[in-house]
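Notes for the one structure printed next.
Labels run A, B and C following the written order; every chain starts at residue 1.
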């Protein structure tokens, strides 16, 4: 008979063993899969590392992918810390990108630094307000924010699609449904092919670390996440704090949208997020809501994706197979979480 | 008395991770005996009984029932051997009737012969002298009735060994007496009854033999007739303990809190507190007695600004607290600490360490955006030293501390804020005797400092010894406010059951 | 504590990567041609991407060159990454096969002057970047003849992706083909607003069938419309690829791409050193496009009619957009003596339907 119980007594050594076991299991299982495909697992793993870190180009792509993941994860972690399950980062990214693009497309004659600041502010407002809608309904009517934020994603994506195919369509694109590229004044500057979003992401990690662990507001958010009753008991204005935290959560996701539009895509499109809002939920969780860990996990995750892309080219394996590899590695790493939280007891049989 | 050994536990050891809950425990219980299992919280009583009822499998040791060694795979095996356990928290389906709850989970025919079933249950109840309506819904029942249903449920399944886990914690003195009568009847019928408790008076009243557990080990098994409360306490605690509480005489009579006609309603518009009026002076301890759920929690929350006042007034130092935010009330020097059943519901943040929990009432006094943890860390270390809190360090999450230590953190923090009015509910809930007396001393210390204290308690003996006056609540109404030095336990019990003080006085000769 | 674990893992990963990078750096190869393809869909989509994939394999067979590809590459910056990776893997000729790859391809062309680029269906070129497409309206016109002869209800359905010139000129050419044999038939248009989404395409087809259409054609990348037609006992004309097996009881023919012809021609020129960047557009004459062989489902009399028109298109006597052509409201859009050429049909002015089309183009700024 099996019994599952919560673990409280995990030692450091067991923790490391479990994590290592997960990685080894993942490599082993994926290895079988690779063998079935007729490839050499060692060569594939090696190529994945090489693709992610092995050249300046690969490393740069990994970093560029890490940037929005980190910022979005920081946003999600703010909400998660409060046990507000914000699954709506994807939509908040789009709405942030939309708000920034409005200024990029219509006011590109502003001086560049000023325009970029306006775009950033707009994206924070866009993402924040978009997140506030489910937040308001949760606070007022107790609606389930998980479903609500998820549904809001579809609305946001359809809104961008509408803009791209309708009112914002570039008249110079021969009828093709694309939005005009941003003018130079609306493009984030960069260095050696990496846009300035890297600096923003690093600064945000530091700021969010201070915010979460060393400010009153951060402390209040943690307490509310633990127990709203306790927060009220301690004299906190719970609703006000929830609203502020949700605004911050959505705002950060929105900023990630602006950075993707301005720094990577050079315009707004329905591909501007491409699932970052969902991926970031995984990195937030694996990063245990801690800014420093989130940065690390996001970087490793980006490396996994970059490595997966690289092996498609080098080994000419189908895109689906590369996705399966990434999925299996994730499965085991996330799966080990279960064994860290719980233990399984095998009961002795008896009469 | 029948001296035949019915249950024998030999060398039982059970550990959870690194914690040894039971270590080589031997226990034997006879037929026709009431056997008390006495011990402080965490001494391993419940674990041992869970082993006997098949919920836990022991790491080693054997269970012998009626001369046969058995090995339980699940509670079902234990029930089949005639063992029934009534848990502290009832496991009844609220919307079903007593009858339906009794047969639930039973094997039998698909169709239920309602009439025959009622008859059977009625017969069983009469045999035990139980007064129960088999068709009454559980949600209409009092706590005592629910417990009766639990006992009937177990007996209906043919239990000859009845285990009761802290059965009196939720009962009024009168209900307790009724329960004891049932237990005596069962003894006459030849059943073995095991009662888990930490209340010494009850042990002396009901049991035949007593096994004392301390830190997972069985330290002694005694005949009741051959022992006394002091010896039992010493065995339980491991050292002699002074069991008297000093009552400091209250000098001042300056009123600090005046509650008048306070009425509170819950989300369903049901009145949870009705026309409650009382006052509290500086340097006074006002006790609040009542069965659980009589409105104690709501009263505390209303004073602390956490529960919306429906009508009436709460005046603190002449100023109304109604409509003030919790923050404003805290600033005026009102401190509230409510220990709920799970101990962590309100007041402490389970996953945070002691420092961050001290921060809860302190952080708003910090200047600017940032929090400075340094002074609090020192404060936390002082607190740990002063109250003898057992923790690996001040940065250890409080949820990993034992119940008593958690309560010390909470009370310590509240006392540290130098309140003028201290509201404390169940501060010794689940604490061992030593720790409880530390807390009573702390409260008396505050009293000496002219702090007014509203003390919500469970143990009537303690209320009578510690408090100046006792207010009794029943179903949200005050049934009496009495001088603690003059009242008897029986009178308190009647008031807890809803009989007004005036009636009791009218019916008896003393005032 | 988990912080430590992850950082240890990271160090290991970094160390490994440093060790292994020593052996890396297989950049441009030694004068050999290696061709990379970037595809928008999966290689077995039964449509647009599969047609290009078949072209790639034809190229490989004919010229024995090494080829690589990336499938399911989203438009935008992702596509530039795929191009770069192909170049890093040694490709020195790159074909990108979706409109949205145009700007990323141009950027990559500027950054990699030694690599030769080809972008399909766009309008930008560079020193080392050609673009290529075809006069799809020619086989569309031929397929219209088949549909016009087949229909009994005189209602023909057309599932179309987006309101862009490429799609609109296809609808017009098809309708002109229909009316050349059956002036009473009308072509009903429904927009699917997707390039590839079987569910949406099928829904549009079903709506047309409900509207009384008994022949369906499409400008989309999946085979959903043929299947819908077969389920209703109606008939279908495909697109991109000859796929009779998808719906044998409904499928009559399809205007198809033979990209291999162009790929071989261009790569050969590169190998011989005669290549120059250009804007290429081919048709039936060049062998880039054709109408797939008619199946037994097609009306018997169609074969001769199609054959005749096909010959005339090749020798130039038949031009699809030769005036006079009237629009839906009867105004002359192309006057007598004037003919629209390929550039005209792909310009923004191609925002009207010919007479005989039932449907609307949302007018946009």
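We adopt the following convention: a residue touches a chain if its C-beta (ideal position, glycine included) is under 8 Å from a C-beta of that chain, and two chains touch if they have at least 3 such contacts.
Please read these numbers as outputs of a predicted model, since none were measured by experiment.
Undergrad: Could you name the chain whose Cα mean is nearest to the mean of all protein Cα atoms here?
TA: The most central chain here turns out to be A.
Undergrad: Is the C-beta contact count larger for A-B or for A-C?
TA: A-C
Undergrad: Between subunit B and subunit C, what is the separation of their C-alpha centroids in Å?
TA: Distance between chain centres: 78 Å.
Undergrad: From the mean C-alpha coordinate of subunit A to that of subunit B, what's the distance rounded to whole Å?
TA: About 47 Å separates the centre of subunit A from that of subunit B.
Undergrad: Return the distance between the CA-based centres of subunit A and subunit C, expressed in whole Å.
TA: The mean C-alpha positions of subunit A and subunit C differ by 35 Å.
Undergrad: Under the touch definition given earlier, write down the residues of subunit C that touch subunit A in their complex.
TA: 1-7, 9-10, 13-14, 16-18, 20-21, 24-25, 42-43, 68-72, 74-78, 81-82, 84-86, 88-89, 99-100, 103, 123, 162-166, 193, 346-348, 350-351, 364-365
Undergrad: Quick check: in the complex, which residue numbers of subunit B touch subunit A?
TA: Listed in rising order, the residues of subunit B that touch subunit A are 17-18, 57, 70-73, 304, 306, 325-330, 336, 345-352, 356, 359-361, 363-364, 366, 369-371, 400.
Undergrad: Okay, in this complex, where on subunit A does subunit C touch?
TA: 12, 15-16, 19-20, 23, 46, 49-50, 52-55, 57, 61, 165-167, 169, 171, 174-178, 181, 264-266, 269, 271-272, 274, 288, 290, 292-293, 296-297, 299-300, 303, 309-310, 312-314, 316, 318-320
Undergrad: Can you list the subunit A residues touching subunit B in their complex?
TA: Contacts found on subunit A: 1, 8-9, 210, 214-217, 219-220, 222-223, 226-227, 229-230, 232-237, 347-351.
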